[in-house]
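In the two complexes that follow, subunit A is the common piece, with subunit B as its partner first and subunit C second.
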Partner chain A sequence: MASTVEARETRQPWILLSPALTAIVLLLIIPLAFIVVYSFWLRTAAGSEQVGFYLDNWKEALTDSFYRDILLSTLRIALITTIACALLGYPCAYFIARSKSGNKTLLLLMLILPFWISYIIRTMSWINILGVSGALNTLLVNSGLLAEPLQLLYNEPSVILGLVHFLLPFMVLNVYVSLEGIDESLESAARSLGCTSWQSFLEVTLPLSLPGLAAGGLLCFVLAAGTYITPLVLGGARDAMFANLVYEAIIVQLNWPLGSALSLMLLFVLGLVVTVYNRFVGMGQIAKSFGQE
Partner chain B sequence: MDNSKRYERLLERYKNGDLDRRTFLGLIGAAGVAYGVVSPFSRYAVAASKPDEVRFDGWGGVVSEAFREHAFTPYEEKTGIKVVDGTFGGGDEYLARVKASAPGEYNLAHLSGVFDYARYHGLGLTTVLNEDNIPNLQYVIPKLIEVFRGVTDGKLSCVPYDYGTTGIAYNRKHISDDEAKEKGARLLIDEKYKGKIGGWGDWRTRIWYGALQTDQDPNNATDMEAIWNAIRTHRDLSLKYWGSGAELMSLLAEEEIYTTEGWSGRIYALREQGHDMGYLDPPNGYGWQECIFVIKGSPLEACEELLNFMLEPATAIAVAEGQNYPPALDPNKVDLGEKIPKLPAFDPSGTLDGLTFANSAYWNGNEQAWSKEFGRIQKGY
Partner chain C sequence: MTTPAVELVDIVKRFGAITALQPMSLTLPEGSFVTLLGPSGCGKTTTLRMVAGLLDPSAGEIRIKGKRVNETPIHKRNLGLVFQNYALFPHKTVYDNVAFGLRYRDIERSQIKKLVNEALDLVQLPSLGDRYPKQLSGGQQQRIALARAIVIKPDVLLLDEPLSALDANLREDMRVELKRIQHQLGITTLFVTHDQSEALAMSDTIVVMSAGNVEQVGAPEEVYNTPSSEFVARFLGASNIIESRTLSVDGEHAMVEARDFGNVPVPIERVRNAITGRESKLVIRAEFLTLNKTDKTPADGVLSVNGQVETVDYQGQAVRYFVRVGDRQLQAINMIDGHPFAEGETVSIHVRPRDCALLPGAIT
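For the complex of A and B:
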């Protein structure tokens, strides 16, 4: 009898997990396996694939300085974006966390509101704001501050701006969750022991909220490094990121094997970042920001 | 295919032993019931030849609107077959989608010819149209049809539909007609307009214009290094590469750029919207034709019926007027009305001798290497 109960208890988590595991296997593991297999094939002149085991794509992806340079540039842009999100997102999250409960709900709703609009539409909205005939230039020219409109779009800063716009809510939510978990009386205690407000923030609040900042940073970095829409819409001729290379290999050049190798290369690099994060911070912090302890 | 023919085929299959007696009689019975009375069986009898819908994919924007208004809606009303219209941003993207799809998922597409047609043929995605079911093919300019026949051994998997050019578009507020004419293709690599130049991020167009800028024959370039350098110069002077007709129009209309190469119909549309745009086809300018292509695995009869409907002169002219590209109809056989003769790239002779088209064998033969090289140059290499 006892062994039956024990067996059921052992089985139960797997039964409950099975829908999720099935989805992961069908939608992630199997497609990923296809990509791995594809990466060892070759593209023929007609655009179809030559089935076999060829290392040509991997050799090209790993030894060609073109791919290495774009990968480094992508990681640099992702890092700048992450830092910008942290600098802008932290004060915002702090403000929300320390607001009264009624205002907090409203502020959180406002934070989530942009997610209801398509990411592409949100990205394209910057054309109407920063374009030569956009709102900002029109305002500056009409008010006499500028004689000629400024060229604000289609460069690396506009790509970073678009990425920050897209990723900022991810950072704010993570930091907010972390700040919410900090007992406010700790700050009061620090102040009662002679700290200034700034010192109590630096010595108490900031260290305790670092896991949230790290979780937000990881999400922002990984999502920024994998994007291709933002550089396509807001970037200039040279502002491509690594995902754009994958897009071009697969869509423009119809070279699915090389595209597969490149996408796996990006996956590996970002996987490495996640592993390092997991080693030092732990993935549990990200789960907290989605409401799971 | 009419019903008699269908019956004859069925009888032939029965006589050849491909169908057993029970199946044969069952199908005849179902057909009889279907044609005699309205019954639940009727849909089984006609499903194979008359699908509920066909999918059409095109370039979107004003072109799709024209198709919807002038071709699809009347076709749906006439046949009861729904036309699902999708869009794509470019031929490459669409080919990748088709390649990844199941047979029959995509049916008709408004493709650029002739190299796209040849690529589809190379991938085994062509079919053989029954031209008897498309009587309106008689109105099409013969030269346009023959090019496609040359790719698919005398058969057709598409019907030519329209043609146009990728010429030089310029904002007359900033660039005069005389200056554009004098500089020709080199206007796009003029230092004077640095930051105000655009260009399509399509490797074929970039190489074609690179050839013109270095005084070479686009269909037989001899100095590719010079062309790559011209492309690099253009890249360094450009604000950005555009990726769709809508983006092209937006960049020009918002004066983000003053000049770019552009599609004749889109530039005409900008003029219609009141923008003072100049348009110039330089010597050896880029001429192209588009076709309505039927993809292997599609319901052929329904597609042929739609093709015939789309080639009906009244429909083709209305679509052409909507999308601002001259139709493939021969002006010697069909009265094209008042607007079409005024469209850029229109050839009143019906011979199209004044336009230079891409040699599909030459371009497709270099596609793998050139598309890759352009991808690198585009990103600063």
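For the complex of A and C:
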């Protein structure tokens, strides 16, 4: 009797997981396997693909300094974006976490509301704000503060601005969840022992919310490093990020083998970041932000 | 006369339209152990948090050591605070938790070490300094929380239901322990609980509260024996409250005519506001009603009434009986000697008049 119960208990998680596993295998693992295979094919000068095991794409991707430089600048932009999100998102999350429960729902709703609009549209909206004939320039010129409109778009800052705009909610939600999990009486205890409210924040609240900050940071970093839409819409010719190279290779040049190698390279680098993160922080906090303990 | 450690003068707390605390005044003499006792929502925590500085009173004055502290922020009040959920810092070791308050005072490192070790000795956990709170049992966490609060030598120790998260046995041990430490340090303590036995066992003074009002302030035996209201009588232990009419009052007794029991001479020190001819309430604690076989004649002066046992509730050494007398049920808690009575049995209920107390007014 007992053994059948046990057998059922070990079987059950697999039964429950199977729809998700099937989806992951069909939609992620198998396409990924195709990409791996593709990356060893070769595109001939004539434009056809040669099936086989060639290392040419990999050699190009790994040795050409053009790719290396763009990879490094992609990581730099992702890092700056992450730091900006942390600095802007933390106070915002703190404010929401400390609001009255009625306002809290409203504020969280406002945070999630932009997700109802396409990411591309949200990104393009900056053109109406920062463009040469956009809202900001029109205002500055009409009010006489400027003689000529400023070129605010199509540079690295405008790409970072777009990324921060896109990623800030991820940071805020992660930090918010970790702040919500901190027992309020801890700060009261610190205060009663002699801390000012700022000291008790530094001693108690900040360290206990670091896992949320780290989780938000990881999400922002990985999503920023993998994006191609923001640099495409808001960046200039020199602001391409690594995913733009993949896009360029596959969509524009139709060079699937090279695009595959490049995308695997990005996947590997980001996988490394996640691994290092997991080693030092653990993935538990991210699961928490999505509602699991 | 020395200045009291804490004085509350007509403090009021309103949350919007709700008044959580009606004007309340209370004095905690230096070194005393005062307990706020009352049912959930009566304003105990609110009162404690105002003393702590976590809440501002809407009106009234709070004085600590004779000085008004209404405007003093919490971190300058020098208080020890212990919470129901311990509130230990999970990211700090036991040692760092206890040392926390000392680091915010001008104390040398070596001195901090000595004080922390002394505090850990005092709570009898000298060897746990390196552990994290998560690695401790509930009882150990509670002791560390206490050590953290007392190591700073606070002017007042504030405890909000510190024992209620512990299981029953541990709770009784900690009760003794807490009282020992409090006594040893001679520290003025304001303790909050809704557990009457905790309050009776530990306090010098009990403040019984109900719905934002103070019902009675007094020593445990005073509050227990001479409740000032029906609420207090019912809240502290099981009481029977019987309608009566005051017949006469003299220097020694108030003679009342109580339903079923007849004429009862209640000793005057246990009588509140008896007015001849008016309605009153006779309070008899369940422990003072004894059940007897019907053929046993009561001793001289002892009142008796017959009843039928309806429910028998074993409680270890004692039994709680619910006995039907006329159209009402009385509670009696008796020690077990020999055979307890069975359900359905007819018994003779005895009570000595000197074990009764008298309250004014009709039963509510």
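Keep this in mind: the second predicted complex is superposed on the first by the 292 of 293 C-alpha atoms of A that agree within 3 Å, B and C clash if a C-alpha of one lies under 4 Å from a C-alpha of the other, contacts with A are read in each partner's own complex, and residues count from 1 in each chain.
The working rule: a residue touches a chain if its C-beta (ideal position, glycine included) is under 8 Å from a C-beta of that chain, and two chains touch if they have at least 3 such contacts.
Remember, predicted model here, so these are calculated numbers, not experimental data.
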item	value
Joint occupancy of subunit A by subunit B and subunit C, clash or fit	fit
Partner chain in contact with A:240 - subunit B first, subunit C second, else both or neither	first
Subunit B versus subunit C as contact partner of A:196, first or second or both or neither	second
Touched partner set for A:183, first subunit B, second subunit C, both or neither	second
Contacts of A:204 with subunit B and subunit C, given as first, second, both or neither	second
Vertex subunit A; arms to subunit B and subunit C (CA centroids, nearest 10 degrees)	150
First (subunit B), second (subunit C), both or neither touched by A:79	neither
In the superposition, subunit B vs subunit C on subunit A residues touched	B
Which superposed partner A:32 touches (first subunit B, second subunit C, both, neither)	neither
First (subunit B), second (subunit C), both or neither touched by A:46	first
Minimum Cα separation, subunit C to subunit B, after superposition on A (Å)	47
Touching both subunit C and subunit B, counted on subunit A across the two superposed complexes	none
Complex contact set, residues of subunit C against subunit A	52-54, 73-75, 77, 79-81, 83, 85, 87-91, 100-101, 104-105, 148-149, 152
Interfacial residue positions of subunit B with respect to subunit A in the complex	92-93, 95-96, 99, 119, 122-123, 195, 203, 235-236, 238-241, 243, 250, 254-256, 365, 368, 371-372, 375-376, 378-381
Touching residues on subunit A, where the partner in the complex is subunit B	43, 45-48, 66, 70, 127, 131-134, 151, 153-154, 232, 235-238, 240, 245, 248, 250-255
Residue ranges of subunit A in contact with subunit C within the complex	183, 185-186, 188-196, 199, 203-204, 207-208
